[in-house]
Each structure stands twice: as C-alpha cells, then as structure tokens.
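Got some structures for you, see below.
Next come two complexes, and both contain chain A; in the first it sits with chain B, in the second with chain C.
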Partner chain A sequence: MRGDGWGEGSPNRAFIMFRLLQGKVLFFTSLSLDYFHLKHSACAKQSLLLEYTVKILKLCGLTQVRWSRYGPEYQDPQIDKEYYRKPLAQLTEEETYERELRKTQVIKAAPATKTSSVFEDPVISKFTNMMMKGGNKILARSLMTQTLEAVKRKQFEKYHAASAEEQATVERNPYTIFHQALKNCEPVIGLVPILKGGHFYQVPVPLAERRRRFLAMKWMITECREKKPRRMLMPEKLSQELLEAFCNRGPVIKRKHDMHKMAEANRALAHYRWW
Partner chain B sequence: MATPSLRGRLARLGNPRKPILKPNKPLILANHVGERRREKGEATCITEMSIMMACWKQNEFRDEACKKEIRDFFDCASRAEAARKMRSIQEDLGELGSLPPRKLNKLLQRFPNKPHLS
Partner chain C sequence: MAAPSVSCGAAVPYRLFLAGRVSFAREQGLWKAAASGLQTGTRCQILRLKHSPAVTTTKNVAALRRESYTVDFIKKQIEEFNIGKRHLANMMGEDPETFTQEDVDRAITYLFPSGLFEKRARPIMKHPEEIFPKQRAVQWGEDGRPFHFLFYTGKQSYYSLMHEAYGKVLHAEERQDQLRAKGLFSEKSKSKDLIGSRWLIKEELEEMLVEKLSDQDYAQFIRLLERLSALPCDAAEEEFVGRFRRTVTVQSKKHLIEPLQYDEQGMAFSTGQGKRKTANAEAVVYGHGSGKIEINGVDYLLYFPVTQDREQLMFPFHFLDRLGKHDVTCTVSGGGRSSQAGAIRLAMSRALCSFITEDEVEWMRQAGLLTTDPRVREPRRERIYPKRKGGAPRQIFWGLGARWEVERTKIPPQGQQSCRAEAEPGCGRWADNQDEELGSPATHRPGRDHRCYPGADDSSVDTRLQIRARGGGLTCLGCTGRLTSSGNRHLLWAARSLDAETWHVSIGGTVHFHPRQGAGPSLTVTASHLRTQQAS
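Right, the complex of A and B next:
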C-alpha cells in the first residue's frame, strides 16, 4: 500500500492531495522532509508527517483525501459471495488457513461502489469511473446504463430485421458486446519514449494487462468525447463505437492498428530497452 | 598480504618522512555504504516480437490471423516479468551472504559509528 510508511526507495517529498470542503480537488502541496531522515526513524517520520499535515490542514480548513488512513495490517474486504459459499469440506489447507486468519484480522470497509450483487461487473465499474467528471458518479452511471440500453435496442432491431439464419449470429447481450469490444480495442504492444543520445525514441515495449485494458477504455472514451457531432448525446455515440469495435471496425480499432504499425516500424529500436 | 596500516602515512609533526597518503576527507567510517552498481539489463522477448510483427506484415495487422504469435508474445512477457520480480525479491532478501545496501544503511543509522568517546 502506498501510504503505509517510508520505504527505502520512497522520495523525500510527499505530495498530499487536499480537498476543499465543497468537495473539489483544487491544489496539492509538497512537504520537504529532507531534514527528517537524519534524526527520525521510519514510523516516527510517518506520525510526525501526519502531525504536521494535520496542523497545516487545520490552518487552511482542508481535509486530506488521497492518502489512506488504513494501516498496513488492514486487509481488503472479500466481496465475492462464492468465496463464502464453498462448503468447508472442499477447502484446501491454504484456504482453511486463510479463512481462520481472516477471522482475527482487521478488514477495511468496502467502498460504496463495490457490491456483492450478481449485476456487479468490475469492467463496467472501471469504465464508469473513467467516464466520470468532477465526481459526478450518478451522471456517469446513468450514461453507462443508457449506453447499454442503446446497444441492446440496436441489436434487437437488427435481430428482428434479420432472417432466421442470421438471427443466430446476432449478439444481443450488451455486456458481452461491451467486453468483446474492449478486448478488441486492447493494443498488443505499446510505445515508450526512451532517452538515448539526447533524443527521445519511441521504443516498442510489451504492456501489462492492466495497461492494455486502461488504454482500450481511454481510447474509447476520448474518441467518443472528441469526435462527437454537436447534438449527439454520449450514450448514442458510445453505443455506436462499441458496436463498431465489436465488429473490428471503427476509429478506436484504427487507433490500435496505428499503434501496432508504429511499433512495427520502430522494431529496430527494441534493443534500447533494458528490461 | 596483511592489513595495510596507517602508521607514518599522513603528514604529521611527528612524522619525519614525506606523506604517503593525502586524504581530502577525514578518515572516519561513514554511517552508510555505497549502492551496488546496477547490472546493465537487456531487452527481453525480442524474437517473439519479431515473429509477431512478421505475421502482422503478412496479414495486414489483423489480430485474428496471428493469435498464436500474440499468445506466445504475451507468455514471454509474463515470464520475463515474473523473472524480474523474483530477481528483485532475491536482491531484497539476501546478497549471497551479506545484506543489501539499503538494509545495511538502515542498520547503520540505528547503530552509527562513534568517532567520539561519549
């Protein structure tokens, strides 16, 4: 966890996000701790930092937002119901040990957006969070549901207009369309600017799973925000783009292919990587 | 060879000969050790990447045609990532007998060298 202490490699400067009482993140400030490490040990540093920040915050009337107040001993909550539905006889030794351990450990509170519901989808939640602007989760969530509804409606129209053989091929579940579209948009290889000999070269580099998923979602949202006709609403545009991506067409897929082409063009620079 | 000694090496009033050593800093043990020199790494998964790109060139960058090559590339990338993580954990745990430099520095901070008597 990031806020749990001063590891050996952590920077001496702490950037702390502040939030005004109205609820908008406005500015961040830095506290230089260069004089701390000479005198104080790790845990003393953290408590001192908290004291100092609390004093500064009380002066400005701000509340701290980005650091977690949970210590390192707090475990993440287990949202998945299937974990608890497993009969005790079927558990392996490690799982029984883990269950016993969780009975004694302190657990963080689950965030309001994570539920044990069957309709909960982590990809949809992440996409909604990325679409959200200024903390307006209600609007983002309503846009998301309207998008899925629009996708479903379009597919049903296509279904009813199609002949009997084609009806089997038409996919009507908006969640599968969403997942498949984002999977089609994920780039396989990425480009990273590497400084060599005073110049920055775009070097092809393998990307981690989460980076690929993030890029797919980011490209989708950027495309829908920027290339939208003036009076078209976001759900309509998003549903259009999702359906096109599902069929491997459209501007987001083109952007992915452009990335691949650039990587292919720069494949000689791959040796500039050191990892 | 025996441990080199400091007798008669510095320029002092009691030393008749010219100095052997002329230190620019005081000869006192510091409370930190130097960092290990980082090994020069090299790029991993180049062969898989070039195979995948050759496949792309043949099939106009369509992903459905190159599924096997893409899967191999991903496997190679995840293996390289796992190896890198194992290496960094190994470095943190033990440096073939002695502690890693960062842990040593922490230990020395807690029990520093005493150039004074009290």
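Right, the complex of A and C next:
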C-alpha cells in the first residue's frame, strides 16, 4: 500500500539470489515488479513476484534462496568517517575514480546496527548476533558487555597480583583479548564431505577467511553453551573460555587441533577435491 | 525511428532504403493501391507492412494478433496528435507554441480524471511514436530479394552495426600504426568522461535496432565498442561511440535541500521527516543547542532505554562532528522501538542537510543516512498441499497480499448511531497511542447487529459500502471464523487505504471501520466478504 516503503527513492524491483541445488553457486537476477502490474496492486507485487519467481526457477533447477528489497544497482554504504575526511590531494587515481563513481550510484540505507561510533567493532557485532536467540538483541548485547567486563576484571586482578616484571606482559584490554582469542581458534584447514562412489568422504579443504572466522565463533559459542555448569552464567563461562583461548589452551583450541589432525589423517583423499 | 545512421556506407539501413523504394514505387503508381488500406491483390500484399516474427516464449494471443501499421497511418496519427495538442492548449488557455508534453499530461489528468488503480489504463495523450510499437518495414522487394546484404543472418541490424564498428576499429588501428611509424604517436591516456555516462543496456539496444539480441551478442558489441574507445579516435568515431552511451545522473542532485527557517527568537531551525517500516517521524533540528533530544515530549534517554537506539540517534551528529551542537525536538508514531529510532535518524539527517555544505550532504548520502529503508516485513505464506500427490501446493497469503475493493450496494437504512473510537480486545489503533488510553468508555456498545451506515443522517443516501478483498489469495478468517490477532495486519492495510482511523471487531466476525471525525462514512465488512478465493 502507499505508506509502506514504496516512497520516493525506494527501489521498485526485487533482487533475487539463487543457488543450484547441489553446489554453492549463486546467481543473481532481478525481476522488475512492473511486469506484475496487470492483476495486482502494489502491495501484492512483492508476494506475487515470489510466486512467479518460484515457478520460473523450478524449471531451471534453481531454488530461490534470498531476495532483497533493494535492486542490484544499490551499493553498500561507506560509514567510515575518515574515508570522507581524507583531503582530495592525497587520493590516488583509483580512489578519485571510485569517489566519482560513487556519486552516480544509489546507496542502500545504513542498517540499524551500524554507526560511525569509535566503540563499534564488526567482530563483536558479529559475535553478538551469533549469540542472539530469537531476535533478543538486547540480551545478547548485555551478555557481550558483561563478558568483556568480566574479562577485564579478571585481567586486572591478575595484574594487581603480579610482580612488576610480569605486569608488563598482562594484557588488560578486553577487545585485544577477544580478537586474539578468536584468531587463535581459527582453523587453517577444514573437512568437507564429498560424495564419491556412493560414500561420503571427509576431504581436507582450505577454508576461506570468513569461514574460518565463522567456525571460531561458532565453536566458542557452542562450547560455552553445552559444557557450562548448570548454575554458571554465560558471561562468566565465556570470559573463561576467551582467556584460555588467548593463551592457546582450552577446549576450543583442542577442537581446532582435532580438526587439523583429522585433515592430516585424511590427507590421501585430498585429490577428491576438484576446486 | 532511431535507425543507425549511414556513416561509412558499409551498411545501408533498411528503412531509408525502403523509403527510397516506396517513393520509387509511388512514382510507378504501384503504391497507391496498397496505401489505401489492406488489399487482397497478391502483388500489393508484398508491399503491405508486416511486423517482424517475434520469438515469444509464452503464447500471447493478443500479441500475435497485433495490427500492422502503415507508414502513412503513423504519419496521419502524428499530424492528428500535433493538431490535437494545439486544440488542447487552446482549451486550457495556454500558448500552443510552448505546450510541452508535461503540460499535455497535466491537461489530460485535469479533463479526464480517472480513479483507476492501474496507471497504464488511464487516458493518455502521447506522441504516436511512444504508443504504436516500432515495427520493421518489409525487408524485401517485389521480386522477393531482400534489400540488406546481411538479411540472411537473421539479425541484420545487429550484424551490420558490428560490421561498421569493426571497420572503425581497423581504421583506428591503421591510423595508430601510421602515427607510430611517423613517431608522432603519444601514449597519453584519453580523459574521457567514463563516469558521467554508461553504455546502453541490452533493452535499449534492442529498442534501437528493433531486433531481439542475446546476452552474448550484447556483450560482444560492448567489448568491441570498448576496444574502439581505447584507441585514438577522431571526431566521427567519437560521435559513433557517443551514440551508444547514455548520461548517468549524479544522485545527490535529486535531493532538494530546504533552506533554513528562523523562529521568533531568531534561532535557526529546520524540519525533516523520516519513515522506517510503519514508523513515521518528524524532527525539528535547532541551530544552536547542547545536544538535547526530545521525543514526544520525553527525553531520549527515557524514551529509548536501549543503547542501540540511542547510538542510531547519535549517528548523524557524530558523522558530521556536530555532537552536542544541535537541539532536536521530534515526534514519532507507529512501528517498534528500532523502527522508530531509524525513522528519527532519517528525519534528523534530512533536517541537518540545511545546516551543512553540499559535500557533507553527499557524504551523508554515501553513508546511507539519507535513504529511506525499503525493507518491510515479509508477508507470511502458508502452503496447503493437495490430498493427492502430484499437485502444486496452494499458497495463501496473509496481510500484504490483499487488494481491497469498495462496492456500493443499495440497502434500506436502519438505525444509525454515531461511531467513535472503541476500546475492545481486537481493536486496532496505529495513531499516537499516548493520546487516549485504551479502555475509555464508548458512547454505545457494539452489539451483534450493530452496523454503521454512511450518511444515515441523510435518508436520501442509503448505500452501504461493502468491502471485498480480491486477488492475492487473502484469507483472514481461516477456519475458525474469528479474526485472530495475527490476522489484524491486513485490516491495518485495508483501513489505511480507506482512510479510517480505527476499526473494531464485533462478535459476529464483522469488522467496522471508523473514519476520522467528520472525514467520511464508516464502513462495514462482513465475514463472508472477507473469505476470498485462495491463490492457485
């Protein structure tokens, strides 16, 4: 209907992503909602577009995975303040070209979780989202802040209890501890089940950067949720695990090492990989 | 009729050739017979214009029966259009010489007001070139031989264009070699306006050539043009390449920045409006202040206890390094806490545009602060599988799928009571919730037979507006016959479109929509009308 975001500047197109059923290839296509004007009003376009898309794509063997209210021409916003404050004289040719290009592009709206604040950390935001259950961001974020506070407290206790020489080695910034701990938990190589001759074999495969970060965070969260004593709260357990991972010990690090060992053991199957 | 112009003489466009042939035939006296309309004579049939065989993937019967338009017919239509435009200008009391297409559109909407939802079904008066689809003239002569030498490729315009472009590439490379041989060639890069323009998209090229192209054809053509533009070109080649480029608008120019306003104390202020999902916000940003933000009369710290929302409010100011320099007063309604915060952020950013430079406005736009977020809640879909296997699941859409239609039926008037906002379970409000508390006493209690009839004061008007939900497969009552709280959303949309302020549901499953005070008639929806056909 009129008031629901079809205002000026809103894209009148749906942008749909597909993937093949077997593989992980993503295709992008855009279908204009104008084609569906004949029978249905503006508010039905959205849902009908999906209907039509599903029918068309079933023929191609593609399943519709995600779609977006933004058309493909919409670019992601650049929120970093320093990017804009840089004086023009210091820009390279590519940067000037990019700047000029962005002036002609339409930009998406900044999401509600992103700000230009100095306190914002993308890794912390991602971890918070992964900890979130049922959309309860308030709880997830409070748990995160409590975790960081707990880490800081523990480190300060250790600092004050240590001698003068050791005090220099104690890291008290919870953010550095968090980043370092997750980096220590990232596996280098992973295993992928590949179907060959009717059997699934676990084949060692190099992992992409984002997959590694995801696995580190996922392992950390699952470890804390499952192996927690009953009355212990999440921030306490999580701070404990983070500090252990920071020192390269603990169950999450062990899981990473197990993964590496299995990959090493299945080294012979490496040639099953075709990409 | 944008036919590729004759530049090297390599390809002769079929249209000009045909025109030549037509005039030649006219002199021979053969054209007269065909020009008078559809002829049945065998010789004249060849001269009759036919549309090109379109490759259709779906059977569009209407398209297959497309009429063919002769050149004279189109010319006549153009003359009639021009004369009609002048008449229209006289009717509207404007100068016929300076009557533009926008004036024509405005005049038509004034003279023929239409309430049709479908914009393309409304009356229009446009140049015949835009109305009658471009068709290809007949491409072979009386003897059946085609005019164009590339006719048998199937895509003669495309291949002739490629041929022409490749000829230019060879020419430019030859010139480059000659310059190199003479030692006059310099490797300086050309400063082209690469950003201010873009290549034609495939649809535009198809329209230009009046031919269907494949993606590979289009990509090939663009690659050839890029190769040509990379070489040193002379004026003719630049002009050739320029024909296939379109200017790209600079996005920031689309924003209208309001000038600053001043209140009685001389304080500069600016207003802005913002929207996010169903939340609407209006913000007034004052030029000087201490960073105080007041929302609906309440301090922002109390209104938004969650940190994330307050960070969103802070975002535009922090981005522009103006934290603590402006005071803001805003009103917001609708939506939840996050969407209200987003709406206020957008309103504040828009209001701030009046205080800052154009560059900073562009930075804000690139940071995503000035775009309305189009994301809305997705309609819920249910799939009902048929009892026997092998059928597609029937889909039922809730909420956004419905299209509401209003019908008038004549019913003898019964007792009428004035309607006011009701406070009952199942009562929906989306106006400012802080004005009236829910639970205030009503002037009358809705009963089973309670109906609100419009204009019942005036006994001459005795119609009852009934609402039907059509299309989209909306089922709001489901199987239980009662409106559930999750089904209220479509009522929200319906009531919005009917400009009603509140609705309430009575026991019999009837929904009554109440208008704003003195706005218009109130409306009734009965249960049977709400149950609709389901989408197949």
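One rule holds in what follows: the second predicted complex is superposed on the first by the 210 of 275 C-alpha atoms of A that agree within 3 Å, B and C clash if a C-alpha of one lies under 4 Å from a C-alpha of the other, contacts with A are read in each partner's own complex, and residues count from 1 in each chain.
Heads up, the rule we're going with is that a contact is a pair of C-beta atoms (placed from the backbone, for glycine too) under 8 Å apart; a residue touches a chain by one contact, two chains touch by 3 or more.
Small disclaimer: the values here were computed from a predicted structure and weren't measured.
Asks: State whether A:K261 touches chain B only (first), chain C only (second), both chains, or neither.
Replies: It touches chain B, and chain C stays clear.
Asks: Which partner does A:E236 reach: the first (chain B), the second (chain C), both, or neither?
Replies: In the superposition, A:E236 touches no partner, neither chain B nor chain C.
Asks: Please tell me which partner, chain B or chain C, touches more residues of chain A.
Replies: Touching more residues of chain A than the other partner does is C.
Asks: Pick one for A:H271: touches chain B only (first), chain C only (second), both, or neither.
Replies: first
Asks: For A:P206 in the superposed arrangement: first (chain B), second (chain C), both or neither?
Replies: Once the two structures are laid over each other on A, A:P206 reaches chain B alone.
Asks: Quick one: classify A:E171 as touching chain B (first), chain C (second), both or neither.
Replies: In the superposed model, A:E171 contacts neither chain B nor chain C.
Asks: From the superposed pair, tell me which chain A residues show up as contacts to chain B and also as contacts to chain C.
Replies: Shared contact residues on chain A (touching chain B in one complex, chain C in the other): 8-9, 41.
Asks: Spell out the residues on chain A that touch chain C in their complex, using ranges where they run on.
Replies: 1-11, 37-41, 43-44, 46-48, 50-51, 69-70, 77-79, 81, 84, 97, 100-110, 112-113, 115-117, 120, 137-138, 141
Asks: Which positions of chain C touch chain A when the two form their complex?
Replies: My answer: residues 117-120, 194-196, 248-252, 254, 275, 277-278, 306-308, 311-312, 314-315, 318-319, 338, 341-342, 346, 362-363, 365-369, 371-376, 378-379, 381, 395, 397, 400-403, 471-472, 493, 496-497, 535.
Asks: Chain A touches which residues of chain B in the complex?
Replies: Touch list, chain B to chain A: 40-46, 49-50, 52-53, 56-57, 61, 63-64, 70, 73-74, 76-77, 80-81, 84, 102-103, 105-106, 109-110.
Asks: Which chain A residues qualify as touching chain B in the complex?
Replies: For chain A paired with chain B, touching residues are 8-9, 41, 184, 188-189, 204, 206, 208, 248, 257, 260-261, 263-264, 267, 270-275.
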